[in-house]
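Chain nomenclature is as follows: A, B, C, D, E and F, assigned in order of appearance, with residue numbering initiated at 1 for each chain independently.
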Amino acid sequence: MQTKLPQDTFIVMSELVLPNDTNTLGNLMGGRLMHWMDIAAAIASQKHCNCPVVTASVDNVSFAQPIKLGNLLTIEAKLTRSFNTSMEVYLRVWGEDLSAQYKYLSNEAYMTFVALDPHGRPRKVPELIPETESEQKMYDGALRRRQLRLILGGKMKAEDAGELRALFIKE
Amino acid sequence: MQTKLPQDTFIVMSELVLPNDTNTLGNLMGGRLMHWMDIAAAIASQKHCNCPVVTASVDNVSFAQPIKLGNLLTIEAKLTRSFNTSMEVYLRVWGEDLSAQYKYLSNEAYMTFVALDPHGRPRKVPELIPETESEQKMYDGALRRRQLRLILGGKMKAEDAGELRALFIKE
Amino acid sequence: MQTKLPQDTFIVMSELVLPNDTNTLGNLMGGRLMHWMDIAAAIASQKHCNCPVVTASVDNVSFAQPIKLGNLLTIEAKLTRSFNTSMEVYLRVWGEDLSAQYKYLSNEAYMTFVALDPHGRPRKVPELIPETESEQKMYDGALRRRQLRLILGGKMKAEDAGELRALFIKE
Amino acid sequence: MQTKLPQDTFIVMSELVLPNDTNTLGNLMGGRLMHWMDIAAAIASQKHCNCPVVTASVDNVSFAQPIKLGNLLTIEAKLTRSFNTSMEVYLRVWGEDLSAQYKYLSNEAYMTFVALDPHGRPRKVPELIPETESEQKMYDGALRRRQLRLILGGKMKAEDAGELRALFIKE
Amino acid sequence: MQTKLPQDTFIVMSELVLPNDTNTLGNLMGGRLMHWMDIAAAIASQKHCNCPVVTASVDNVSFAQPIKLGNLLTIEAKLTRSFNTSMEVYLRVWGEDLSAQYKYLSNEAYMTFVALDPHGRPRKVPELIPETESEQKMYDGALRRRQLRLILGGKMKAEDAGELRALFIKE
Amino acid sequence: MQTKLPQDTFIVMSELVLPNDTNTLGNLMGGRLMHWMDIAAAIASQKHCNCPVVTASVDNVSFAQPIKLGNLLTIEAKLTRSFNTSMEVYLRVWGEDLSAQYKYLSNEAYMTFVALDPHGRPRKVPELIPETESEQKMYDGALRRRQLRLILGGKMKAEDAGELRALFIKE
């Protein structure tokens, strides 16, 4: 199975925020944004494993700045690390008021996808080899984020999460 | 400002999973589900504060069981705790194959919303008073989840998160 | 074949009225509302027969109060009576302005669904046993409404509709 | 105020039945069809009164033949009679399998709309003058259907509905 | 294979322009209009060949007058000529402000469709026989437009396009 | 008014082809594709003029290869030349079967947009300066394509279109 590079999985999605995407204050609804982010991340995952995928989890997402009606939405997605049958994707989302020439970071997120065989069962995915320094950093952090997911999902005890524990105890 | 009970904010949403909501394997796309969850949680928040709201954050969500095309989707949302200008909502999502009479828990999640005044600025929300034992437990856990959000959002240092720290250090 | 209770078929649907659902005066379009009501009633029917269903008829519906953009829409649906292969569903629809804390009944309706076997042909459905007084009243009225449907559909002569005739002739 | 002819209000709508419009058996959902019928009838009403309109009521509708995925849907709508501030519209709906060259009547319906002034209050509409024999027959029947609507809506007593009573009592 | 007349393929589509169809100035987006035109033209083609079709090309389209939110959109489509396996459709689009009683031509277009057999390969279509003078003129022009398509698509040399050349050289 | 480079206007859009976007053969409908292309081109235009825009025309488009359900759609758009108040955009569209690792060019197109002031009237746009050789070639061809648009729209006589005439007469 051939290894891949993060840039092989890179994907850009552009959307205009339309009336039905917004609440009564003219702000993009958080759930509509997550819908688009999920599609972008699914594409990045499929570019890595070349097979169908299913969303396994979404990490904590904070919505710092609301995105306005009529603004341009840009989502960038790229794999950070592949595990046995799962892949972690890092996403960044910008809003942009093209008339005012004002572009702003809206939020960042990590999503995890599982690769599926034709019967819908998890299947092995290729290894991802980080190239740049920032990709290496993302790659290293993926293990810590994975431990947090397992703890929050009740599948790991906090005291066994060595990588994550270091965050809380400065020894 | 009048206090409220969790049950005042309780909301049930039912949807049928249609073709455009699913991927090529006939599973509900994770992002479409989060779109519905966001609307359900926004309604629960609006029932509490009686004003417009905006999604502030979504906590880690794991998708345990895929929901199938044609299945019934049920989302229940209820406030767990209100802070100064924000509200935490707890959601549970079920899928149900009505022909097979098989109902299954798909996932649980916590979302946080901020109440807005007519100028789009955060405004104070009523206090929430838990009634039942499980509501009290949710209420207590809200503080710990809030600390985790602040740490993950880079707004709090891990060593200052007293409540959360206890999870990692059995002293 | 197991009998069922009306409450086994009870379903609540909640929706926010979005821009594309409304006309140029900001009122929910009647047809969009009937679309949602049809889905809610189909779910109630499927909970009763545990098989695919198809809309057979919609009784007279009056739209008393328009539902406004941004309002919460709540639809409740419950079976009133099952016939050989068909089921009558009673629906109530409310609008609610969550900021103004004003909830209003929009309309009521009866819809009839036919249960289908895997080849798309009508199939027998379980018996429905009313429990409460109001369920019994709904159950009794179902026969009269059925006669009216058959007359209006040209499948029964008015003079043969004994139950219905009593409405017009006080003997 | 200028009188109008039924043909001035005539409208044809054509739609292809797409996947999201159908249930799991590939039949057009009844509610989706009523959504389209409502839009067609609203257009016919607006052609008559040249002002915004709102759906007031939908008469009993029976769905005789399911319309299939990929079929052509044709809706014809035309005013039958105008009252003081309301208009009755008659609709006919056909399905058509273009490959099999098979066209079938799906259903007929009557819908009533109210004309609105810019403040959203009912306003007077022009008189409708029937031309053909079938238009005259529709025009005459409109009074009887109106009485039925008022009785079913609880706004008229059955014994006062002279026109309608004749249906039930062959004197 | 039976010949057909242009009027056998005639189709009218009516739509109301809703919020999500418009840009921030309240004008119907060009792409949304082309989406509807494509469906109308596909129906006209299917009425001719009675089989599935696929869009082969769209000729130059100019959008003369923007169509406004809330306006009625009317699309008329009719075949002009059939070739071996393809069909040319002529479309006219009107906008109409029903309150202001103002109807305006928005644009005209020619689209070409290819008929497909059940395996998705091109198949022969019936001959189209023009009846009226304007249909004959459309029929004659179809050859010239076809040459232009082939040149613009790089499949014909300009000097071989006899019919079209006459446009540029008044000899 | 500041000049701009073609790369300042470059935009990538990625979409997954969902069931409702396809016809009964599972091919992306031509009109749905043009809808997405129009949005991509509108974004490229807005990046150039930083103001609202409206679609003025779409040049001949040929659909060479159908794009399949579940495939990834990629649209790239970039300005080729700006005129007084209008801008020409060049688009390329690819389909991609991510499982089969097969990417194919679907079609190319030119669209023209007009920049609008806040009153909806045409306004002057910045000059576009081509950088690369291929951008220069696109820039030069824009004049010839503009003449063809004017002739096809009936706003220029063929014999006055000097640039275009050369295509037909090898002198």
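By definition in this document, a residue touches a chain if its C-beta (ideal position, glycine included) is under 8 Å from a C-beta of that chain, and two chains touch if they have at least 3 such contacts.
Source: prediction; values computed, not measured.
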{"item": "Interface numbering overlap (same over half, different under half) for chain A and chain E", "value": "different"}
{"item": "Greatest separation from chain B - chain, by CA centre", "value": "E"}
{"item": "Chain E and chain F, separation of their C-alpha mean positions in angstrom", "value": "20"}
{"item": "Centre distance in Å when chain B and chain E are each reduced to the mean of their C-alpha atoms", "value": "49"}
{"item": "Between chain D and chain E, centroid-to-centroid distance (C-alpha), Å", "value": "31"}
{"item": "Chain C, residues touching no fewer than two other chains", "value": "19-20, 23-24, 39, 42, 52"}
{"item": "Contacting chain pairs - touch in the sense defined above", "value": "A-B, A-C, A-E, A-F, B-C, B-D, B-F, C-D, C-E, D-E, D-F, E-F"}
{"item": "Contact footprint of chain A on chain C as seen in their complex", "value": "18-20, 69-70"}
{"item": "Partner chain E, residues of chain C touching it in the complex", "value": "19-20, 22-24"}
{"item": "Chain E-facing residues of chain D, complex", "value": "11-16, 39-40, 42-43, 46-47, 50-52, 72, 98-101"}
{"item": "Partner chain C, residues of chain D touching it in the complex", "value": "23-25, 27, 29-32, 34-39, 42, 52, 54-63, 66, 111, 116, 120, 148-149, 151-153, 158-159, 161, 164-165, 167-170"}
